[in-house]
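Same chain, two partners: subunit A is paired with subunit B first, then with subunit C.
Moving on to the complex of A and B:
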């Protein structure tokens, strides 16, 4: 397998990126860590003639307790033990991404915007040509859900669920300036495995902002996969909130790795605020989340198993949630 | 820990780091992809996107016309069939007439660079007629519309059928007090060696062809090149650079090796073909997907009365070693226990999938899983401990099996005794809480196939040449193929041991058919036993001449001399000696540089019935493993925290290498149990990548305790037997039986993934069969 030639752009400022992105709209990809994009390019998966490398844009780097630059390497966050103590659930998720080698290149923004995955998509050009291609690349059929008009490729980032439950916001730069939106609003609920986000042409993810959490907030991210490293999630469950035996003060739950988008279940968790978090309440919540998710057979483990694990992982995430040192 | 008692040898029996280790870890060792030749170009293969198709016509004009393209080859140019076994030549370098699986090679190009070559491939136009796909071996058992090969049995896709019956199995079952049955299903697994295949070929104006290739068996490659390209062997030179693992996957002569040579002949330029991982998966030759059915009968005391075994094994598109595989899936049941009556029916069926072939512990692995799980079921029925059942039935040393395998040394009973004690079995078996368990698995394996594939048994299976000159360095030539298992190191150590010299004097030369005497290469766990004996003979011949020269120099009778460290001296007289170099130079006065040769041929053995030679070997290794498992009964995920491995490889000559082989085997065996699986949708391989083919991660490795308990084998070099394949086999049933002890389910389908564990627990719950109170 080989990379086809492409033109590499190396802007140094956000403005320059936005200008390039507007000019090259539809003909480029951002190059962040490259750990997912370049293997996909070698497989000739929707490769573009231009790559805009974000490595030299200083503003995209760095992190604090409340802000993560989109180009911050996962390994840099992992190495910051203060950050880790402050954000236990997020640290779980970072530590579960792929392997140390991948995390030394992989970035926050890259993981949030990582392409969806499917057994019938993440294959070489030869492999796909022998099958007749698919909706997501070069074809017009879905091999997972026949007759499907939308793509069922699976959202495979670990950070999104963990950040969703922290009420993270994303800062986006675009042709009309900067804006901030909740992370959940970055993903398009009307989209599918192909059109995943609401980013417009020329938009650039600049940073993730973490608002202060309630005192005593705990969090946990749990990932299902076949092997303890390397593998993409077959399911990711994140919980965060503040609760004790008396009552729930705040609660968020999000799931990734089972559908085309990560999802938060506020309509299930909001009614629990003010009530005691009993084992029965956790069980009801787990069962309802499990009832709602709809995995399809496009990853290694069968969908009925992944679905069954949703309940188990939700219960365990609550049981294992840890308190962050600075909320 | 392995025992550390000092042995009788200076080097052998110790821990000897690989002689090529410093070159490998510093990146200086030369692998095939490191070979650069002047004017070298790129070879690329066009693979069939069709599972089964008649190739009606092909148009290569556009591809050939592309600037930078030097050759485009299709199957008609070199159509002579080949294959590793002379009786089943059904492969061609490039498909002729039909494509038989997705990934089958249908054309090849040579071009100045990669991009041009790939562009050219896209310009090759085929007109094809789709043919029926046969992805289920059962669909090929009777006459089919379009047999994958014309040689299929009676118009079916059956490549080989074996029926054997020794004793009277029906009578044995009729008088049995207890019978058990276990039916296993095994997904195909592949070797997943580190180095993808690579070949470089160059045809030179002197009329010679040189081929460098990542192969385990340079000699069989040499023969196949000669046959297909119709060039006499002496005009072909095969060189084996360092090889990054094989495990059987590089033991067949492979089509791309012949294609690469053909492209070099066609273009007059050196050509390199380097595989992607996906190519490796399509080349496969991994372990056969298998369904087996094992019935065992025993009397009330637990004496085994008979085995009745059937196996349906899936060959994929080619024969490869399949005839051997079909025998092995039966006859490798003949140890490590006494089996007085034995019946076997095995069928290997072609399918439109990547070919299966030989993989580490070839033919013995899936069979052994089913036997060992059946034996545990038998022990349970008899109310006896799994160890006691096996001890009662252990094959004795110096015995003959009912199918006439000659058993010489066996330390199987010592394996059982040692592993029972070290694992704390008696305190753990059925006594750990629900979800945790221990399991015993045993095995045995051939230490070198007694039947050379291509030779009459009169020719030696291994020859080693030595040359020593003024400098006192000893050059060692042999076509034995070090593929990472440490055979170069063992070869050097045997020579150094016999001659009493430092290891650094011994230089094992790269395998090169121009100068290396034939050894059949690295398969069937034959190298230590056969090459080791040949090396010993060569070194002893050299030693005798050095001793004679020393005797002349010292004026003492030769029989009073002994070889010491870098010296030869009078026994019991430390002051009366000559140095190695002085003895050497004295010996050279008459002949110049000294050369010596040694060889090994295995003794005549086996019966006279059809297939009698399959499974015969000059010695057998034995194993008894205990695994401990810890199952998460809510998710079905499990860990194997501990594994105790008692192994009989005779005398371990290089403990470091033996331990490495055992640990690596356990890792590979665990892979097949826990997650490795070539997954198909009909004939389409779904996971041709190391991301989705789930080799266990380091975190999944148990803490392994190795117990080397073997006694010296009477015919092995310095008492040694194999340790390359046998150590894999016992891993699988040890885990399978431990899972039963943990949760009360005998899992019959491998790999045992978490979803299958949960399904097993669900079934047990539905049948209201409590286990350990759960």
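Moving on to the complex of A and C:
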């Protein structure tokens, strides 16, 4: 498989990246680990004439307890056992992204901005041409939900739900400087499913920041996939919070892998704060999340099954949530 | 940057300089330009692990790595992890255990396992299983591969 010609740029500072990105707006993609972008480019999916490689930008690397550089590789986070012990739910998610060989190059930023997936999209040019293409690349209709306005491809990143429940914030650099926003606000549910973030032309994801959690916070990420050592999520459920049988002190729940964007359910979890977390309360929450999600038939497992598994995985995530231990 | 700028890096310990256009991935450069065909092209999409090489000692899928980005780095392929004569302990154990059938996946497994044993000389069985979980084999059923790597870890001590 051959890549179409493109010009490769190798800036070394964030300012240089933003300058280039502003100049090339619409005609380029960032290249982080390339484990998502290059397979798509090989299948001629929305390839651009310029690639801006982030490899040499030192500021984007590294991690601490409270900051993950956008270019930090998943394998390096995984290898840090202290980080693993202190961030239980997030570590579940990191260790279940793809395979060790993919995690060796795959980065945090690339994972948060991984392209959405669909059975009719992640195919060769030849395969797609036989169906007349689709909205998300080269065409004007959708084969999953027939209409001509919106794409329903599935958000298949594992880190986003696990970071959403930790109230993570993202640091973005753009033409007008730096800003921080909650991770949830990075994703734009108002888009057409093809444009899915609030990043403007020239914007670069610099880092993820993890605010300190409540004492005794527990967390868990549960992933449903076909081959447990390989596949993209068909569903991912993340929970984090501090609770005991007496009282919930804080609680967040997020779901990925079933819709076009990852989603947090604060309106369901906020009312539980201050109440005891009984098995009945967990069941009610699981049922309600399951009722609300809207998977469509564009991944391997049928949407009805994925939806039914939402309740199961929410219950399991609570049952298996564990506390981070210091050091 | 001209599209055929010279790329220079260390390949299996030796410096090389080779013209390389931007869209060339490391796998194609190795196999087609440098004629090192030990590294295999299975899926070309990141799924099979047949194309694994070491970049600065790190296991890397060469089908998803732009060759230009290894400029100034050190690349080791299956040809390089084998000693000039004979076999390295992982290879010898693969032979002894019959851990190879058609052999197409073997270079990828050997590279991945060699990197594992360098960073973790006494891996548990679970650690071995995890480390090779991005390498696909359609013939052996994996058991002999896992046993061979366990054995290589024992004999390397």
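By definition in this document, the second predicted complex is superposed on the first by the 323 of 327 C-alpha atoms of A that agree within 3 Å, B and C clash if a C-alpha of one lies under 4 Å from a C-alpha of the other, contacts with A are read in each partner's own complex, and residues count from 1 in each chain.
Just so it is clear, a contact is a pair of C-beta atoms (placed from the backbone, for glycine too) under 8 Å apart; a residue touches a chain by one contact, two chains touch by 3 or more.
Computed from a prediction, not measured in an experiment: that's the story for all the values here.
With both structures placed on the common chain, the touch criterion links A:274 to neither subunit B nor subunit C.
Applying the stated contact rule after C-alpha superposition, one finds that A:130 touches subunit B and leaves subunit C untouched.
After overlaying the two complexes on the shared chain, residue contacts for A:308 are found with subunit B alone; subunit C is out of touch.
Judged by the touch definition given at the top, the superposed model places A:1 against both subunit B and subunit C. By the touch criterion defined above, A:215 lies against neither subunit B nor subunit C after alignment on the C-alpha atoms of chain A. Look at A:229: by the touch rule set out above, it reaches both subunit B and subunit C. When the two complexes are superposed on chain A, the residues of subunit A that touch both subunit B and subunit C are 1-2, 4, 229-230. Residue ranges on subunit C touching subunit A, taken from their complex, read 1, 3, 21-25, 28, 44-47, 49, 52, 58-61, 64-66, 68-69, 112, 130-131, 133-135.
Put simply, subunit A touches subunit B in their complex at residues 1-2, 4, 119, 123-124, 126-127, 129-131, 224, 226-232, 300-302, 304-305, 308-309, 312.
By the touch criterion given at the top, residues 1-9, 31, 33-35, 38-39, 42-43, 51, 53, 55, 75, 98-102, 104-105, 229-230 of subunit A touch subunit C in their complex.
Those residues of subunit B whose C-beta lies close enough to touch subunit A in the complex are 47-50, 102, 114-115, 118, 276, 278, 634-636, 675, 684, 686-688, 691-692, 694, 696-697, 699-700, 753-755, 758.
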